[in-house]
Structures are given as structure tokens and as C-alpha cells.
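Let me begin by presenting the structure, written as C-alpha cells, before commenting on it.
Order of writing sets the labels: A, B, C and D. Residues in every chain begin at 1.
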Amino acid sequence: MLNIFQSLEISHYIYLSCVLFCIGLFGVLFRRNAIILLMCIELMLNAVNLLFAAFSEYMGDKDANGQMFVFFIMVVAAAEAAVGLAILVMVYRNTRKTDVSFLDSLKD
Amino acid sequence: MEIIILPLILSLLAAFTGSKINKTVWGLLSFVSLFAMVYMKQHYGIHNDGVWHNTFDVPWFSNGIHFTLGIDGLTGLMILLTNLLVPIIILSIQTDKQKSLIPLILFMQAALNGVFMAKDGLMFYIFWELALIPIYFICLLYSSKDAFKTTIKFFIYTFVGSLAMLASLIYLYLKTENHSFAYEELLSVQLNYTESIWVGAGFLFAFAVKIPIFPFHSWQANTYTNAPAQGSMLLSGIMLKMGLYGLLRWFMPMAGESIAFFQPIVIILAVIGIIYGAVIAIKQNDLKRLIAFSSLSHVGLIAAGFMTLSAVGIQGGVLQMFVHGINVVALFYIVEIIESHAGSRELSQLGGLAKFNRLFAALYLIVVLGTAAVPLTNGFPGELLLLKSVFDYNTITGVFAGLTIILCAVYMLRMYQFSMLGEGKASLNEIGLLKMIPLLILVALVIFIGVCPQVIIDQISPSIQKIMLEISNSKGVLS
Amino acid sequence: MNSIALILGLPLVGFLINGIFGKNLPKSIVGWLGTFTVLASFVIALGVFNDLRHAAIPSEGLHLKLFTFLNIENFNVDFSFTLDRLSIMMTLIITGIGSLIHLYSIAYMHEDEGFYKFFAYLNFFIFNMLMLVLGANFLMLFFGWEGVGLCSYLLIGFWYKNAEYGKAARKAFIMNRIGDLGLLMGLFLIFHQYQSLDYSIVLPKMADGSTSQAMLTAISMCLFVGAMGKSAQIPLYTWLPDAMAGPTPVSALIHAATMVTAGVYLVVRCEALFYLSPITNNVIMWVGLATSIMAALIGLKQNDIKKVLAYSTVSQLGLMFVALGCGAYSAAMFHLATHAFFKALLFLGSGSVIHAMHHEQDIRQMGGLKSKMPITYITFLIGTLAITGFPFLSGFFSKDEILLAAFEHNKIVYILSVISATITGLYMFRMFFVTFHGTYRNHHHSFDKVHESPWQMSLPLMILAVLSVLGGLLNLPSYLGHNVSMKLSHWLAPILPMAESHSELSHNTEFMLVGLVVLLFVLVVLYTRNKYVSKNAVPEEDALTPSTGKVLANKFYIDELYDMVFVKPLELLSALVDNVVDSKLIGGLISGVSTLLVAISGLNKKIQNGNIEYYLTFMVLALALFLGFNLFF
Amino acid sequence: MGNISNLPIPFLVLSFITILCALYVVTSKNPVHSVLALILTFFSISAHYVLLNAQFLAIVNLMVYAGAIMVLFLFVLMLLNLSKDSEPVKSNLWGVAAAISAGLLLVIITASFQKTGIAIMQGNAPEIGLVKNLGRVLMTEYLVPFELSGILFIAAMVGAVLLGKRDGATVQEIMNLNNDTNNA
């Protein structure tokens, strides 16, 4: 499997991650459904995870520090998803809506 | 150090024991600091030679920042004033309802002692701000009306001022050779004219708000009026002296290079303040408001006297600082007694109180005379020296400043007339002898200083000469 | 012990004992203690006087330095006193008349609940007045100066329950303070010029001619402003008539005999200064003259027995200032002394009348009292004759001396002074006849209840009457022979080095002038007697008097004028500054800053619409901006 | 930037699938479709991990993301009955604004990375991504963060339970409620 990396540069993974990240970001900005928003965030997190793994490979160090970080990000992502969805369920129960533009009580 | 620690310990004790112990006991306990001061003087063997002796010096969180406290004649007088007035202020508390008042006042005492003794720029700033905290809570918790509005105005006002001072201090700090906040190091910084104006303006703004010099006074009247009497006493009796002390100890030597620039501005503003405060005081109905404006008038004269840079003006000013502290606390004490025993402090509601308590009337009269600077009361020597210095600086300003002796007589006598004399509708309840004792002490001081002001002048003059030397050194850099 | 310390200290001791313990002491002890302390001072002063007469150097006096009051750099003022020929004269007058009035007050104030307070104040006044005249420097003078002002305030407002009296007291204090400011400024100028405030240093320097004319004029004008306030000269005289609100002994002691003459004392003390500034001299002369005539005119139409005497005092003080302006310093001091005798007599006499009439002061309510109060009647007559210049009584000599000095100086001034003196006769006799002659007119108190006063009151009256008759002996005019005449002038001559009085008038001229005055006096007596005794006329109600009389009765509306020009504008200004400038302008400026901040935050608030999408978009854009900035710069 | 044609085919194909699915996630109107597309994205990312010598990571990614988290999302979708397209459509302006913002950020980020220079990957030893090695590192070097993430999980769990329970109901009530249903 090593041979394929002879022609693969770190920048390719960077571009790929950036594209994924920005797609996620676009989703966050564009969509109004809170569940989709959360999914887009997961997408962005994964873009970052991918980059970590790529850098881990790129640095060639013996400790897999990059991969370690991916684990921790996963932990945070899972926690975030759990709490986020719980909040969502509660909001939905109170307002019957999952539209984020409806939730503007930050104004006050 | 002792007189910072002691009040702090007392403050903690007071906070924990709450109202279990009588307030009179606390008042007496707080006299301990006064004795601690005497002990300190003995212990450190301080000679009154004008040098600002270190009594405590440990490095703090960085090389250039030391926890340094020092004592000289000027500081000695100021902490004497503080530790003398605080017990009286505590004794002036009339009700047991204001539970956290005593701890706050004692905490304030510690901070005030720190301000006057700090020999390190940062320490000075920290104590300066520390003193703001208790008074903020005193005003906020126990103000009679508009507590939040008045207090926040006062707080923001002084806080903005302090920040300007901090900026100046930091600038000086960065300019010192080995980055130090020590007083001597800050003093030795040589600034060019422009720098010195900015640095001076920073200091001046902080002090002008605290003093207050016209037109930075608009927090004063409402705060004094609405704050509980103890808060007004602390503010006008001691805290205001922080501004004047800062002017003399920090602003004038530090920004000496630009003092020629500030001199006419401050003197003219101060003289405007003198007349302005007096004119407003003439028609006031609320006793506390009247005293607030009279205070504005009096401290204006002190500030003007300082800025004449003459020995007579500065010494007279320091004397007057002490005297004004005594007089204004006595006045607020009287107002507090009147309010709690006659039920009002509105002049329109009062009158004819003299017939109920002759002793009180006599003491009140002496304090009024002291404030109006009648000879042989304490107001006179200071005012004489200050007026002389302002008169020597410029005849016109001198004459305008001199109007204060007329206007002051007008409003102080009016105050006395409408509260004590005449037929009157109000009546005065029996005043316990215990409540008269603090007033008696103050009145004794009024007369003693009035007759022998030289006793105090002897205490301060070596330090003042040293400060004047520092100012002229600093001034001489440019010329 | 030093005699100065005793002279000063005894009244102070009296004040302290009476002030602190007086409440619990019986009235007799309080009264006699107050009287004896002053009397003892008088006796000691007499002893000093005797010493001074035989002193080797006539201009020297006793000195006493207690302690240093203030010492800062070169500003050095001691708490020190001096007793020279001028101050011993003042001291004798103050303590002498003071002790008589104390004695008088024992009876007069006997019913009053504030008896001990009254004596404490009186003693304190004596102490302050002595400090004023005994001080060895200008600051000590200023101490006494303000101190007597304070006592005057306390005593005018003695019956503090009456708000009107309180107002009068405050008026007196504040007007005095205006003068004090002038004096203080003068002190600063003196120190500025001479680097000292001690008489012994300053006065010789003033006299040696090294000071510029402008500076001398400035200093002397400042001091004169002080004198105006204290001695009730135009424009600061209106407090004195109002000061009659105080008990009558106070009016006699403070507002006739002693305190109001402090201005004269000041000018005489600084004789060199005033002598060398002709501009000020002229100002003093004309101000004195104007005051004298104006007060005399007002006195013509007053119906309050004490008000008449008050205006008479103002008028006489004006005359003294005329003398000072003419350079006749010893004449002014002479008149000061005789005036102290007869005016104290008159006031005490009026007090006796008021006492008898149960505090009725309106002369229209009196009449025919001479049969009921013979001692008062006779002594009052002597006082009236003395003040109006009945030949060979004290007032005759002292007033003539002033008139002669005026004649020498300026003929117009002389004529006007004579007119003033004549008017004095008119209103004094008017008052005298209306009070003691004619028929009794009071319907509230029956005539039978009117009684002669007790001996504590009549004894001082008799002593003062004797003094008023014999006071002229102090300074008999030179035409009566050199051995007996001009004693006071000679006594004061060492103190007054500049003004050597040498009369250039021939005795014939003097006789003629004196004759003129006597003639006028006789005419006045005849006119008033005709009007008020033979026709038994009674002064009309104020409202009925013709227009000129109305103006006089209302004191030229000066009080109203001051009220309109000074008091009201000041109050208006105060209200304006408080309500407009302070709250709107300064407060507005400050709240303007906060309003600005609120406005800015209002703008920001629109961005903060609570919608997360906006926030996110802005966040992303800002992130792009920061990264881009990092990239390109 | 290297020539695209030089790139290994697996990478190109995987990247293509990833981006395509990701785009579908954000554009699909039906949330359920979005979830499914996201799962596909995760699968392709896992494949990338395998390419990058991170075998264990690839598995975990599938299990945690594609398995657990996405199922959670699906549950919530079903629970709230949002499967049909109920989302109000935003105006085009928003789309443009979002696209511009995201695009701008993309351009800038890539431009930033451009500056860092290009380098060939050195490559790890294949065993680095194995569970044995990772486990050792996790339990030694990253022990404290590991434990902390455990705490974080508990906190999140408690939070989710608290948020999820009905308003005003205490734990006791909920348990009572459960007992009731059990009994019934």
C-alpha cells in the first residue's frame, strides 16, 4: 500500500479536507433545520479528522499523535451530538419546530 | 503593615460575628489601629526628617513590583486622620439593621491606610481600587434612594479615572531603567514635555474625579445625599483626601515637567469650583446636599493651593485636608443625629432645635464656625495659608477664591439658622451622652488645631519640603 | 504674671466658666463673675496705664509672646500682644465701659433664661475686642476682628427663637465678613510687600517712604474696606440698625462703644499708611461724610428708640472717619472716647426706658416719663446734651475738634459736617422730648406700672453721665491754655509720628466757628422744644408721612435696594446654577457621554438580532477576514 | 500542486465519492436522505483512513459515526417525524450569502496552505494504526485526556438525560411513570 503515497502529497488531503469542511460550513449557514445543522457540524469535524490522520501519516512519527486526536474529537463529537439532539428534542417538544431562525431569543 | 492587617482582621471578625456584638464595641475596637500607629512609629524608630521611610518591603510577583509601605510626615498625618475618623464613623451608626456596614467600613480603613502608605505604583493603584469596593457596597446596599443609579454613576466615574491613572503608571513603569514600580524609580523617569503632559493628564483625571475638581464633580452631590451618612463621611472625610494626597504625592512630582502647563488650568478650575459650590450651597434645602457642595467649595481651595507650588499653599493645603476631614465628618455626624432624632434633614422641616439640647447646639455652632473658617477654629489657619498662596499666585484668582469666606458664612449660617434657631416645627429627641462623645472629640480638635496649627505644620513640613524638592527637580529637567 | 496675659485672660476665664458651668450656677454668681473679671482687667489696665505714663520711651509698650501660631518658610506669625499708648486707651475704654455694662446687664437680663449664656458671650466679646486692640501683628488684629464679629452675631441673635433676629444676626455677620475679606486681602498685600505682619516691622517700613504710592493706596483701600464693614460705613452700614435686635446692653457695648470703633482704631494704628496715601484719605473723608449725613437724615424719621440711636451711631462714626480723612487722628480718637461715654449712656438709658416700658421700643407709645424715672431722665438728658454739643460737655469739645480739622482741610466738608451735626441735634431732641415730655400715650400698660430701674442699672448710668460731662477734659482745645489742653493728642503723639497736629487757625477763627455751632445748637433746641413739647406733636404713622419723610422713614430704601441688587440675584444665581448649569449642563455633558454609548449600543443591537444564522455568517466572514489579513500582510 | 492525472486512482475515486455525498448531505431536501448520504460520506472517509495506515481509526469511525451517531440522528428524525420535507426553504439570497462566505473561506484557507509548501508524505509504519499500538499510547501518554473525556461523556450523558426528561418532572416521577407502564 505504501507505493501509492509516492505520488501523493499532503496538499491533496488538505484540499480534500478543506472542501469537505467548507461544504459542511455552507450547510450550516444555508440550512435551517437544526438536525441538518448538527449533521453538517459532524461533517466538518470529520473533515478535520481526515486531516489529522493525513498529517499523522505525513509526519511519519512513531507515536500516532495525530490519530490520538481523532479519537478525542470523536469523543467530543459524540457528546456534542447527544447533548445537541437532546436540546433539539426539548425545543421541538416546546415549540413544535426545528427551525433555527425561529429561535432568536438571544436578542434579549 | 500592622494598620492594614489589623482592620482587616477586625473586619473579618465583624463579618462573622454579625450583629451579635454591639456596634459601640466595634467603634472602640477600631481605635486599636490608632494605637497600632503609635506603636509603629516607636517600633520603626521613624524620625520626622522628610524621608519616606520603608516600614515593610517584600518582592511581590515580579522583580520590579514590591509590596512596599512607607511612612513620613504627610502619610503619618493622613493615616492619623483615617484611623481617627473611622472609629467615629462607626460610632455614628444609628441602627442595627445595616449588618454589613461595620465590616465594610473596617475593610475600607485597611484599604485607605494602604493608599496612603503605598510606596509602589502598582500597590498604590491596587489599594486605590480596593478602597472603592467597600464604598461601592456601602452605597449600593444602604442608599436612601436611587441606590443603583447613583452608585453606578459614582463607580464608573471614579473607575474611569483610575484607569487613566493606571495607564500613566504603566507608561512610567515602561520608561524606568529596570522596569520597576518603586516610587523612587518612577520619580527618576525623565519624560519629554509631550509625554509628561499625557502622563500628568492621566494622573490628574483620576485625582480630579476623586477630589472632585469642577467640572468632574457631578457624581458628588447625589452620592453624598443618597449614601448612608457613614458612606458620606468616608467619602468626604477620607476618600476625597486620597485624591488630594495623590495630587501632591504622585501627580505633582511625577509630571513635574508639565506642571507649568497644568498649573493655571487646575487653579482656574479649582477657583471656579470654589465659587460654584458655594453658590449652589446657598439655596440647598437638604442638609447633606448642602454639605456636599460646601465640600466641593472647600477642596477646590485646597487643590488650588497645592497647584500654586508654594510652601505656604502646600502646607496650608495639607493642614486643610486634615481639618476638612474633621469638619465634614463632624457635619455629617450632626446631620445624622438630626435626621435620626428630629426625623428629617430638610431645612424646610427643621428649625428651633437649639432649645432642646443646648450642648448639641453649641457643638454644632462650633463646627459650623470651624467650617466657615472663623479664627481660633481649625478652618482658619488652613484657609488663611491657602488664600495667601492663591493670592500670591495671582491677585484676581486670590480675590475670587477669597469670596469663599463670605459665601461660606452665608450658607453655613443659613444652615445653622434654619436647622437650630427660630421657632421651628421640629422637635429633637433626647440624645444620649455616648453619642455626644465623638462629637466632643471632634470639636476639641476643631479648637485645638484652630489655636495651635503649628503642631501639625511641624509634623508635615519636612516631608513637604522634600516633595517640593522633588517637584522642582522634576520641573528643572526641561529648563 | 504678665499684665497683658491677665488683662486678656480674665475675660476668657469668665467666658469659659460661665459658658461651661454657667447653666448650673446661680444667676448672681454668673453675673458678678462676668462683671468682676472685666472690672479686674480694667484695674490692671489702669495700673499699666500708670506704668506707661512714666515709661522711658513713650512709643514703646509692653510685649507678650505666647507661642508661634504659624511658621512656614518666611511666613511667620506669632500669637503675640503688645500694649502701647494707643492700645491702653482702647483697653481702658473697653474694660471700663464693659464692666459698667456687665453690671447693668445683671439687672437688665435678670429675667432671661439665657442669662449665663449672655454673660459668657459678653465676656467672650471683651476677650476678642481686647485681642483686637492688643494684638502685636495684623493677624492678631484679624483674629479679634472676626472674633468680635462672631460675638456680635451671637448676641444680636441672642433671642434665637425669633427668626427675624436671626436674620439680622446673619446680616451683620455676613456684611462684616465682606469687610473682613477686604482686610484679609490687605493683610496679604502687606505681607507681600513687607514679608511680615508684625506692627513693629511693618509700620516703620510703611512710614519710611520706600513703598510705592500704588501699593500704599491698594493696601490702605483694602484695610479701609475692612474698616467700612466693622464701623458701618457706606455701603456696609445697613447691618448696624438691624443689629438693634440684640439686647440693649449689647447695643450699648458692641454696637455703640467698642466694636464699631474698631475701624477707627485700625486706621489710627496704620496712621503712617493712611497718611501717605492721599487718595484713600479723600475716599475715607467723603465716605465718612456721606455716611454721617445720610444716617442723620434717616435718624430724623425713625420711631424706634434704639433705631434712632443706631443711626446716630452710624452718623457719629461717619464723623470720626471724616476726622481720619482730614488727618486729625487724635481728634478721631478723642471723639471715639467721648462717643463711647455718651452713646453707651444713651443706649443704657434707652434700655432703662425699655425695661420700664416692658420691652416697648416705639417712642410714640411713650411720653411724659420724666416724672416716673428721674435718674434715667437726667442721665439721658446729659447724654443728649453731650452728643448734640452742649457747650463744655464732652461731645462739644470732641465734635468741635473734628469740625475745626475739617475747616482746615476743606470748607465744603466743614459745611456738610456742620449740617450733619445740626441734624444730630434735631433727631436727638425730637426723640428726647417725645419720650420724656408730653403725655403718656401707651394704652397697653398703665402709666402707674412704669418704674425706675434698680441700682445695678442706674449706677452705670450715673457713672457714664459723669464721664459724658467730664470727658472733654481728655483733650481740651488749645485755646483754653497749654497746661490743661490737648492731653490726649500729646499722649498719642509718639504713636502717630506722621500726623503732627499743628493748628494754623487763629484763636479768633476758632471762637467764631465754635460760636456758630453753639448758635445752631440753640436754634435746634428751641425748634424741637417748640414742636414736640409746646405743641405736643407726635410723629405720624409711617404711611401718613409726606413723600420725603417717607423716603427717610424707609431709610432711603437701601435695604430694598441691596435686596434687589445683591441678595435676590445671588439666590437666583444659586437656583440657576443648581437647576440649570449643574444638572443640565454639567450633568448633561456627563450623561451625554452615556447617551452616546447607549446610542452606539443601539446600533450594535440591530446586528445582534438573536438569529444564529447572522451570527454564524458574520463569524465566518470575520474568520476569512482574519486569515486573509494574515495571508496578505 | 501536483498534476491530477498523476494521483493514485483509489484516492481520486474515494475523494470524488466523499465530496459528492457531502454535497448531497447539505442540498437534499429530505433529512433522511441527508443522513443516509452522510453515512456514505463516513464510509468513504473510513476508506481514506485505511489508505492512511489508520486501520483502527477506520473501524472506529464506522462504528461510532456511521453506526452510533448517525443512528441516533435517524432515531431523532423518526421520533420527531421529520422524515418528510418540512423545512421552510430559505431565500436565494441566503444561499448566495452562504455560498460566498463558505467559498471565501475555502479560497483563503487553501491559499494559506499553499504558502506552507508541498511535501511528499513520509509514511508511517503500518502497525502504527493498529489497536495494540494505539491502546498503549492512549493508556500512557494520553491517560489524563482519556480520563477527562470519560468525565465529559458522563457530563454529556447526564445533560442529555436532564434535557430529555419532561419539564417539571422529577426523577422520582419519571421512575413512578416507568413503574406504572411496567405494571400495566
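Assume a residue touches a chain if its C-beta (ideal position, glycine included) is under 8 Å from a C-beta of that chain, and two chains touch if they have at least 3 such contacts.
All figures in this text were calculated on a predicted structure; none of them were measured in a lab.
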Shortest walk length in steps over touching chains, chain A through to chain B:
2
Of C-D and A-D, pair with higher C-beta contact tally
A-D
In whole angstrom, what separates the CA-based centres of chain A and chain D?
5
In whole angstrom, the CA-centroid distance of chain B from chain D equals 65
Rounded to the nearest Å, the gap separating the Cα centres of chain C and chain D is 100
Averaged over CA atoms, how far is the centre of chain A from the centre of chain C? Could you give it in whole Å?
96
Listing for chain A: what residues touch at least two other chains?
25, 29, 32
Using the touch rule from the top of the page, what residues of chain D touch 2 or more other chains?
94, 97-98, 101-102, 105, 109
Which part of chain B faces chain C closely enough to touch in the complex?
153, 157, 215, 217-218, 221, 276, 279-284, 311-312, 315-316, 351-352, 354-355, 358, 362, 369, 374-376, 380-381, 384-385, 387-388, 391-392, 398-399, 402-403, 405-406, 409-410, 413-414, 417, 420-423, 452-454, 457, 461
Chain D to chain A touching residues, read off their complex:
1-2, 6-8, 10-11, 15, 18-19, 22-23, 25-26, 31, 34-35, 38, 41-42, 45, 48-49, 51-54, 56-57, 60-61, 64-65, 68-69, 72-73, 76-77, 79-80, 82, 87-88, 90, 94-95, 97-99, 101-103, 105-106, 109-110, 113-114, 118-126, 128-129, 133-134, 137-138, 141-142, 145, 149, 152-153, 155-157, 159-161, 163-164, 167
Hey, which residues of chain A end up touching chain D in the complex?
1-2, 4-12, 14-16, 18-27, 29-33, 35-36, 38-40, 42-43, 46, 49-50, 53-54, 56-65, 67-68, 70-72, 74-83, 85-90, 92, 94, 98-99
Residue positions on chain A within touch of chain C in the complex are 25, 28-29, 32, 100-101, 103-108
Can you tell me which positions in chain C touch chain B when the two form their complex?
19, 23, 67-73, 75, 139, 142-143, 146-147, 150, 153, 157, 160-163, 166-167, 170, 173-174, 177-178, 180-181, 184-185, 188, 191-192, 570-571, 573-575, 577-578, 582, 586-587, 589-590
